[in-house]
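Scrolling down, you'll hit the structures one after another.
Same chain, two partners: chain A is paired with chain B first, then with chain C.
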Partner chain A sequence: MKYNPVTNKIIAKLVKIVDSKNVLTDKEKIEAYSHDEMPREQYAHMPEAVVTPETAEEIAEIVKLANKELIPVTPRGAGSGLSGGAIPVFGGIVISVEKMNKILEIDYENMVMVLEPGVVTNDVNELIAERNLFYAGYPMSLETCFIGGNVAENAGGGKAIKYGVTGRYILGLEIVTPAGEIIQLGGKLVKDVVGYNIKQLIVGSEGTLGIVTKVIVKLSPLPKYKVDLLVLFKDVKSAISMVPQILTKTGITPTSIEFMDKLSVQTSCRYLNEHLPYQKAGAMLLIEVDGNREDHVSDDAETIGELCLKNGAIEVYVADNYTTQERIWSVRRNIAEAFKVVSPHQSLEDIVVPIAYIPDLMPELALISKKYDIQIPCYGHAGDGNLHATLVKNPRSTMKEWYEIEAKSLKELYESARELGGTISGEHGIGSKRKDFMEIAVSKNELDLMRRIKKAFDPNDIMNPGKIFDME
Partner chain B sequence: MNIIILIKQVPETSNVKMDEETGTMIRDGVESIINPLDLYAIEVGIQLKEKFGGKITVITLGPPGAEKALKEAISMGCDDGILISGREFKGSDTWATSYALAEAIKKIENYDLILAGERATDGDTGQVGPGVASFLNLALATYISKIVEVSDKNIIAERLVEDGYEILRVPLPALLTVVKEISFPRLPTLRGKQKAKKTEIPVWSTENIELDKSKLGLKGSPTRVVKIGHPRVTRNGTIVKATDDESISETIGRLLKFIQEKELIQRGH
Partner chain C sequence: MKYNPVTNKIIAKLVKIVDSKNVLTDKEKIEAYSHDEMPREQYAHMPEAVVTPETAEEIAEIVKLANKELIPVTPRGAGSGLSGGAIPVFGGIVISVEKMNKILEIDYENMVMVLEPGVVTNDVNELIAERNLFYAGYPMSLETCFIGGNVAENAGGGKAIKYGVTGRYILGLEIVTPAGEIIQLGGKLVKDVVGYNIKQLIVGSEGTLGIVTKVIVKLSPLPKYKVDLLVLFKDVKSAISMVPQILTKTGITPTSIEFMDKLSVQTSCRYLNEHLPYQKAGAMLLIEVDGNREDHVSDDAETIGELCLKNGAIEVYVADNYTTQERIWSVRRNIAEAFKVVSPHQSLEDIVVPIAYIPDLMPELALISKKYDIQIPCYGHAGDGNLHATLVKNPRSTMKEWYEIEAKSLKELYESARELGGTISGEHGIGSKRKDFMEIAVSKNELDLMRRIKKAFDPNDIMNPGKIFDME
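The block that comes next holds the complex of A and B.
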């Protein structure tokens, strides 16, 4: 092992930097920092110490110490990740930004907000809703995740077709580099072409190039009206082939088009005791349109609904108020949770393909499912080509068999996405989970370039090592 | 079977704020929805219509914007809506509201059944349904959890009471208020929405209904909001904690003892 352990001497130094109340070493307490939302027994790794600093300066001191002593540092947000980005795979020090949770500034004049990385992204939207503003980059796991984690993962979510993903709304960042310098990137500017766009390099770098300590986000006017359609189709094919049609033929950019196959809908409905007529549908689409004129939004919804009915939809439900919207979105939002009840052993994936090729991906999933005798419920952000195909362990397999099947079927799943011009992760990131599959997704030259960039930022490889790719 | 369904438009409850001075709710800027408990009445009404035929008329008393709630009910499968609205109704309590609704219903001939939700999520009184039945001198059954049988003259229904169910035979026409257990409300369809959009909702007021104006509005309402208070939670929770692996069984023992002492587990009869 090239890294040094966190000795009592190091702990004493950490205590000096952040005070003893912000240094955790108790096994019971630091266990919570050993995993994210992925299955623990498969991916968790214990840190040696956890620190909860309150300022960028404290983080800079900790990182300087770690860099000097060759101790791995793992930045951590809310721990709601799905790729192992926040798991300390080499032990060392976890730097949790949970105490840096202040909203530093709401600048209505410039339509920006300055946030500490531990701010819960959903809270931002609750706070500014009464000023008819919103932060459009928020992902699906909205109730728990931190803005810092969103930046690190370049989180996407359900509204990307219309609003894009996190990176689009990040105007400025403050980071602590692996050498312990505090650097400001960007600012409250919509346009900024000075030098390399390092800010956007940090976005989605999964904590391997530095720790985000301040985020300047762009705010957008909150659309006044939204209408959701829940469309029932007889099978997966007719539902999925609707997606490119809606996007290319209606002249409307929906806020979201979410796809749910039969297994996903059933599992979630049973979990929620929801009595939608899901038995008669082989697949569903959940489509949302928004805007500032009630009649326009309602017309858009009608246009899309009619197109679906013309193309064989069994039924189109319309939700234009809080009650019905909550009802249908909660089916979509609870799928992952519902499957955890059914089987805790699963691999939640987020492959992405160009939208026109989504229909071609579905038979590939069916093949893998049959070949390995596993269920692959599929749901997700069909409107942007990002699908949560989820490999679920067959209860008959042993854990050892499952791990083998998982590795093989993941490889085939990723290769299928790649063959269709897609890639292996649209929003969850590579982390520790998918790094062995990087060669499926990127060329050797690109990977080498990434390694050289990493080396330039972090010559000692102390910042979130073991993520995205290995250095050699 | 012709059915009348009484509904109310309420503020979406996760956003309700109270005006401490007047003791009423601040409705500005809050989304209005059909009282969630009325959705069960709508659903069971539509199911009866699907089975026995007939027509469903939804009625509400409220501001002009309450038309939206009626249209939502129509998009779920109801046929017509009537909005009772006008300045003279503003501030009506449950008594005045029941009076106005009852007088309006008198104008509708030929109905067999009136359905209402158990109560509204804003006022939380559950009085308007029974009030209307009383003004119309109709048979009333509240907290209905199941419709067992419908004949020309009677309806047999299950009524949810604290320690079980009552089976009631109610002569028609009758008014039933229903609870959640009775159904799972359906969602409005696109075709339903399109139909609702085209449906004209007549607005009735003292001009169309024979009403004694002195019995309407805030002035005609016997209810006075004297004071708004917040109830204090007086319960105390106890957390039974195990500090380590060894103390787990001892802790479970304490928990069991507590359950026994409080007689929380009943033997089957």
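The block that comes next holds the complex of A and C.
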């Protein structure tokens, strides 16, 4: 073990930096910082101390101390991650940004907001809706996740086909580097080509290159109207082949094109006691269009609906009011929860493939499912080729059997995605969970470049070590 | 001088790699590779040899040789740059990708194209328009520039407010690193959060981290209709204050919001013998909206036009046919050319400020203009805060005087942008031209991080040295 322990002397120094109320060492209190949304029994690791600083300067002092004393630091947002990014796998100090939750500025003229990293993503939108603005980064966990975590993971979500992912809306960052320097990157600027794009290198770097202490986000005009279409297809292939057709034949870019296979819809409907007409369908698309005029939005929905019907859709249900829309989206959002009733043990994945190759993935999933006797519901962001193929433990297996099955089937799943020109994560990140699978996704040369970049930022490897890749 | 010369022995090795037809050493022939679109007498530098390889493997061999022998290599696209990115400031070998100009694949199902770096940007669009697709990266020089150069500079352009800049459309890259390795980054994937985003670090790195040998671009649905509005305002402030209002009050994101001050319009109109009604106006906005239905697009144009008239616009001219649209855009596009008649010596700039602060920049420009007795027309991409404030040499000054004036006034211009929270380049890049001004734009700590990243890629500093920053 190359790291030093968090001794009482270190604790005393931490207390001096952030005050005793912001240093936690009590086992019961710090347990909450040992895991994210992945199964605890499998991935949790206790920190030695948790600090909850209130300023970037405090974070800089803590990091300087850790860097000098060779103690690992793990930055933490809301803990809503799905790859272990916030888990202190080597112990050390967890730096939680939960108390840095102020909205520092709403600049309507420049259409930007300046946020501390601990702001809950959706709170941003609630503040600015009345001014016809919204923040278009849109992770599915937006009611609990923090903007700082969104930046660290380059969070995706259900509206990426039209609005892109988090990185598109990050105009400026303040970070504390592993050496404890505070650096401003970018600003209230839409364009900026001055030198290397370190800002976008930080986005998605999972807290391994620095700690985000301030975020300048771009705001977008809030669309006033939306219509959802639930479109039933006989099979996955007919559903997916609609995606490029919708885009090119209608010219409309929907807000969302979500995909659900029959198993997903069925299980979620049972869980919610909801009645969607899934019996007839092998697969469904949930298509949302938005805009600023009611007539334009309904024109667009009609155009897409007609195109689907002309191309083999069994039926198109239109949801143009809040209640119906919520009913449908609730089925989509609750798929993961619903499968927890089948088995609390799952591996929630987010592989990506080129959009047109989604149907080719299905026989692969069927093979893995059969081989290991597990259920693999498949749903997700069809418009981005980003699928939550989820491995669900067979209730009859022991935990020991499940861990073995999980490791093997993950490898096969990732290799299938890779063979189709895809990759192993589209929005959840690598973290500690997928670290050992990196060589499936990237070449040795690329991985080596990543290590050299890490070394350029963090020569002592103290910033969130054990994530994405190991340095050796 | 730390680099070694290109000896006859090196030339012989180059010939062995790419064949003699692809190695140029003749002074007359290589002169064309000594400059970009900036004034030659001021910025040109002769290479010692120019190679025109046809494959990534050949480039890898050349780079390995240069790395071993400590010879600088300068990658070159179409030479349409405006910051010296393609100028071999230390001599050495220019690697021109002009013969790597094949369109390798049009993948309609996945809505991507695979291109060699020497493909002319606009050629892409001509090929796919009939399939209702287009490439939305849109530099103003798209009829001559290469896609590889667009990637190197993260080229912007006139449609960025709606479509963003080049980086948004780059899904995959193949690069040759300074060590001569060939690396594949990304793929036909819209989402990808696997490890560090090296792909987007390469975008905009001005050929200093590697040579792009293949580009996978995302295609977008081609909008079928567009309407342009030429909106006259009494002054700059009333024009610019419309930008956030248009976005938030109408909810419409126009394709372009271009700004022209009176001096720009006047000079361009005289040059073209065109008659736009600029006499009454202190500033103009050129607003374009596009979409897939004629009625939607004309609704949007009408909404924006009405909002402008309600908020102090003097007049709104509607251009809804190709001929009138071309007349107006021609005035916008020819401003730089028109000022060459006033004086062939100019400094074409592309500073950026937060959009709402554009009016605050105007008195600063007036001060610099008065102080140094030079004209400074101002026009550009108001929707992005990205302005081509152009320093035009007073015909009465000597060249010696002009170079002094240029250096001083550039510094003041950049400092003015910086004081408003802006930066020194939004789309042209740093290159050799703005290298010495980097410390105005970024902190010492950030610059140091950039140097460490450069070192991680290119320990011998052979890849396009003398650009963005010096290593010492």
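One rule holds for everything that comes next: the second predicted complex is superposed on the first by the 472 of 472 C-alpha atoms of A that agree within 3 Å, B and C clash if a C-alpha of one lies under 4 Å from a C-alpha of the other, contacts with A are read in each partner's own complex, and residues count from 1 in each chain.
Following the convention adopted for this analysis, a residue touches a chain if its C-beta (ideal position, glycine included) is under 8 Å from a C-beta of that chain, and two chains touch if they have at least 3 such contacts.
All figures in this text were calculated on a predicted structure; none of them were measured in a lab.
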{"item": "Partner chain in contact with A:Ile103 - chain B first, chain C second, else both or neither", "value": "neither"}
{"item": "Residues of chain A touched, compared between chain B and chain C (which is higher)", "value": "C"}
{"item": "Chain B versus chain C as contact partner of A:Val342, first or second or both or neither", "value": "neither"}
{"item": "First, second, both or neither for A:Glu315, with chain B first and chain C second", "value": "first"}
{"item": "Chain B versus chain C as contact partner of A:Ala44, first or second or both or neither", "value": "neither"}
{"item": "Contacts of A:Val190 with chain B and chain C, given as first, second, both or neither", "value": "second"}
{"item": "First, second, both or neither for A:Gly422, with chain B first and chain C second", "value": "second"}
{"item": "First, second, both or neither for A:Glu153, with chain B first and chain C second", "value": "second"}
{"item": "Chain A-facing residues of chain C, complex", "value": "107-112, 131-133, 153-154, 156, 160-161, 164-165, 167-168, 177, 181, 183-185, 187-198, 200-201, 203-205, 209, 220-224, 244, 247-253, 291-293, 296, 299, 352-357, 381, 383-386, 421-430, 438, 441-443, 445-447, 449-450, 452-457, 468-469"}
{"item": "Contacting residues of chain A [partner chain B, same complex]", "value": "229-230, 274-276, 302, 305-306, 309, 315-324, 327-328"}
{"item": "List of chain B residues in touch with chain A within their complex", "value": "12, 31, 33-34, 36, 39, 72, 75, 184, 187-194"}
